[in-house]
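A single structure is presented below for examination.
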Amino acid sequence: MTTVGDEMHALVERLYPLCRSITGDGVRRTLEIVGETIPLQVHEVPTGTEVLDWTVPKEWNIRDAYVKDPSGAKVIDFAESNLHVVGYSVPVSATMSLDELRGHLHTLPAQPDLVPYRTSYYRETWGFCLRENTLAALPGGQYEVLIDSTLADGHLTYGEHVVEGEVADEVLISCHVCHPSLANDNLAGIAVATRLAARLAENRPHFTYRFLFMPGTIGAITWLALNRHRVDRVRAGLVLACAGDSGALTYKRSRRGDAEIDRAVEQVLRTSGREHTVIDFSPYGYDERQFCSPGFNLGVGSLTRTPYAGYPEYHTSGDNPDFVSPEAMTDTLETCWEVLRVLEANRRYTNLSPYGEPQLGRRGLYGSLGGRSDTQQAQMAMLWVLNLSDGDHDLLDVAERSGLPFPLVAEAAAALHDAGLLKE
Amino acid sequence: MTTVGDEMHALVERLYPLCRSITGDGVRRTLEIVGETIPLQVHEVPTGTEVLDWTVPKEWNIRDAYVKDPSGAKVIDFAESNLHVVGYSVPVSATMSLDELRGHLHTLPAQPDLVPYRTSYYRETWGFCLRENTLAALPGGQYEVLIDSTLADGHLTYGEHVVEGEVADEVLISCHVCHPSLANDNLAGIAVATRLAARLAENRPHFTYRFLFMPGTIGAITWLALNRHRVDRVRAGLVLACAGDSGALTYKRSRRGDAEIDRAVEQVLRTSGREHTVIDFSPYGYDERQFCSPGFNLGVGSLTRTPYAGYPEYHTSGDNPDFVSPEAMTDTLETCWEVLRVLEANRRYTNLSPYGEPQLGRRGLYGSLGGRSDTQQAQMAMLWVLNLSDGDHDLLDVAERSGLPFPLVAEAAAALHDAGLLKE
Amino acid sequence: MTTVGDEMHALVERLYPLCRSITGDGVRRTLEIVGETIPLQVHEVPTGTEVLDWTVPKEWNIRDAYVKDPSGAKVIDFAESNLHVVGYSVPVSATMSLDELRGHLHTLPAQPDLVPYRTSYYRETWGFCLRENTLAALPGGQYEVLIDSTLADGHLTYGEHVVEGEVADEVLISCHVCHPSLANDNLAGIAVATRLAARLAENRPHFTYRFLFMPGTIGAITWLALNRHRVDRVRAGLVLACAGDSGALTYKRSRRGDAEIDRAVEQVLRTSGREHTVIDFSPYGYDERQFCSPGFNLGVGSLTRTPYAGYPEYHTSGDNPDFVSPEAMTDTLETCWEVLRVLEANRRYTNLSPYGEPQLGRRGLYGSLGGRSDTQQAQMAMLWVLNLSDGDHDLLDVAERSGLPFPLVAEAAAALHDAGLLKE
């Protein structure tokens, strides 16, 4: 029987070989594959478009690249792993000495068996990445170097999937799609976001959910530039990344620190029994940097497992499909799902009978929850909702102050609302 | 020599046998007895009166009740303890099998020697409470059952005692009078409130003090309904309950959490050396639930010893006069008294010489407090009062921030006021 | 080679013998000597001038004083130490018995080898201070007592030194000059303030710095009275005292508790690695009492080493030049200097490109800080400054929230400002 975890891992494995970058056909192909599960609106933004303080760069594509040693053997081969070429390398076809070549080679001396991931988006150069151990074994002599790439006017590509809700207020779920063969730092987030969207679409949610599959930094900046007039619809958001490693969950708060998304995620993490860490916002990491820039200052946090740059395999060939597990991605997915359920149910109600307690008994409200093992908690939840529904508190406040589980609080609020005791 | 503790205990013992409920002659007789010590204005509110979201219920009175076993022996007898009858039981006169009777019998299997306290105010039924051990020994056969009660239109009764002060701003002291033979949960609070009122009346206080002796929930709701137009006079309030057990004092904050009463009680408890606990508001317990409903949101906290439902004897025949002591009631009384003294003296002053320190020496203000062992503290108290009397801080703030005892702060403020350095 | 510490200690030794009080020639001579290093504007305020709630007192001067025992030997001699005479003693020339004399003698029974420091500014009397051991050895008989002093209309004297800045906003540095031969409690603060002023004058600072050398209490009150119309220019201030003992630094917050000076000093102390204590404001101590009176409520804190009255030598002959060290005064000076550098550089910037991150790379801003060991921290500092420069946060906020060193934050802000990304 295939689990959702298996499905997510299969998606990671399928996307892994593609050579993604901040532009180019790798991103397009990635979006096509995601589009098989959830319909994507794919945007193509021309090179040279001015987006906030930035300009959409040239599009980069690569067909082949290798380095042959003096004997003609391919000692570095793009076909074997796209990490071997520095992202955005300009085309090269040349023969040169090992010494000359060395200036273009990148290794990790402290991790001699791993290939590093390197890019040079905004300075035109070229380079190869390889294992330190491979480099150490290269003989002297003349090397043939080929990079069959194109860096030319084209487009920046990103994908958008919207689950329409009852209201236009939006929740953003964003993940980056600009890393080539890196599983945790890219693909796990894509896989979790895709399944989350699919699950949401099964029911019409209250809020509108916008899933963004975009290259990091320039993609978020482009989206924000094109959607600047409508970001005030964004009620909450999550940047998903590093969603599949074996570490505990880490939530990084929005710049605001107490935005609804912050309170919702912390509520879920605190009450779920999951091991987790909550850290304050800092202007580094993934695209929360852009969403939380002071002009936008959106309520967008970031959910990862081991955070940005926090594991030795980060930005190396060690971040491969074996580094992420179905179980971890499932755990991330379920956490996201619980967070969305909190956002969906969170409301700011007003008690319509705020003078004294309303008589719950004659409305059958005690009975409505009777016969359950948590009757007493359910009654407490009703009393708390009534007591705090003064227009200043939402249900997350009620859950936090009462210490009661959010779902019980939401259920109590629904019963009270049905009984005409609350208005939204 | 009779102490005030002995007097309070004697009152508990005298009130103990009366069959109180939320309405009826038991309450009336209780108020008569309290009225022997402090004059009470007794209010009679007719059945059917709409009070906030509630309606004043029928009045319940009971003359006799028993169950006779097949041999004709009274195995349950109201005359022995009024706890034996479920409060608000409708009249019954019938003969039935033990099995049929069983559905109307309430015991405490885990506390087989105690009689539970049960009521059914808003669902018309009848029942008896008894020891689990008694129930176990009942023989099979036909039982004669009698409840000679009346449930009919009448009144809800509550008592009010006002100590007029210099100003119309009010401090409420409220206790419930609706429990039958329960000593800590009812009578100890009545006894403490009665003595507190008597002591207050000995001097004309600054504030007006309103003592409320009311049935729980419906009584408070009735009072709030009838006094809705004047609750903005309520500056502070305390709900007194469980005032006589051997546990440490517990203060439950008002919904506001930082109301003057909260700060006053915490100041007294913190500086008195008494063992105590302070807990946050929750919408369950005694009539603070009503006073702190969001529409009223009064600065009313609750002072108990062991809190609501926090002791095994709670709502059982174990909560009898032996369960409360003169010493504990005296300690509760003295704590209340200290709290009232803080409220009385707490003012928000404005320093009339706020630029630099005023010269205290030439006004004899150092000398005015000289010759005492706490001269240095007294001087510090004057400097703190002057420094913080900017219109934003009251004397409780001064005591809290300075760490000085409130009485010393109040005395310093009085001396500075007399010297013309402060205005109210 | 003479260090600044040696220079400060030499100043302490030179000032030590002068008989300072709240008025008189000892203060004048002290200001003359300070004036040799930094130009002082000396103010003379006539006796009887009304200053806030106070009146400038008579001026006191003393030429000689002694007590001769029955044999004619001088057993107490002002020429040996000016502490021997109670400050503001009225003139005396009399012969009296030891018993009669005793009422005018002050000793420290618990510190029998130390001479106490006593004054009587506002009650006209006279007295001598001596060692308890000296007192114990005095024979009976008639004593000749002479105090050749003048208490008459004159002036209160204080000195002011201003380092003009680019803007009129002022930083006050205040120290008291009213104690006679007391080194830590008086002279060390004078010495540190003098060197700090001299160092500031070497460069034109951004803010204007006003150094005040004033008698305690009445001096500060006089200055505040005369400058009442312009205290709104005071952006921050430090009262310096007890600046030379061997204890750790103590910072006492302003009454506001979170004034810029509080945040600046705490930032310096926290990041400097210096052992230190931070305490809350209290209305006792040095002239922060006056600056922080509620009418002024200036952002003025107090920096000491061991605080007010916190060492056994306090207000005794034990507080002599040996009690203060060049090293401790240098440490206090350097701390003040670092605080002033923080105040100088602290600004509230507005990010001119607040939507998304601006592209730092194309402006050469990564490069501008490249090649240093703290490149990564420098980049983080730029991102933090951009992220928090929303008009609500100053650079101290950035340093506090980011945990980065203030100088790095200030440097990043300067680079961003030069690049046109920030405005003030």
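The first chain written gets the first letter, and so on, giving A, B and C; residue counts start at 1 in each chain.
Assume contacts are C-beta pairs under 8 Å (C-beta built on N, C-alpha and C of every residue); 3 or more make two chains touch, one makes a residue touch a chain.
Chains and their UniProt names: A, B, C = Peptidase M28.
Note that this is a predicted model, so its numbers are computed, not measured.
Chain contacts in this assembly form a complete graph, since each chain touches every other chain. Between the two copies, subunit B and subunit C, the Cα superposition rotates by 120°, quoted to the nearest 5.
Look at where the CA atoms of subunit A average out and do the same for subunit B: the two points lie 55 Å apart.
Touching two or more other chains at once is no residue of subunit C. Touching subunit A in their complex are the following residues of subunit B: 52-54, 122-123, 217, 220-221, 224-225, 228, 255, 280, 282-284, 289-290, 292-297. Residues 351, 353-359, 361-362, 380, 383-384, 386-390, 401-402 of subunit B touch subunit C in their complex.
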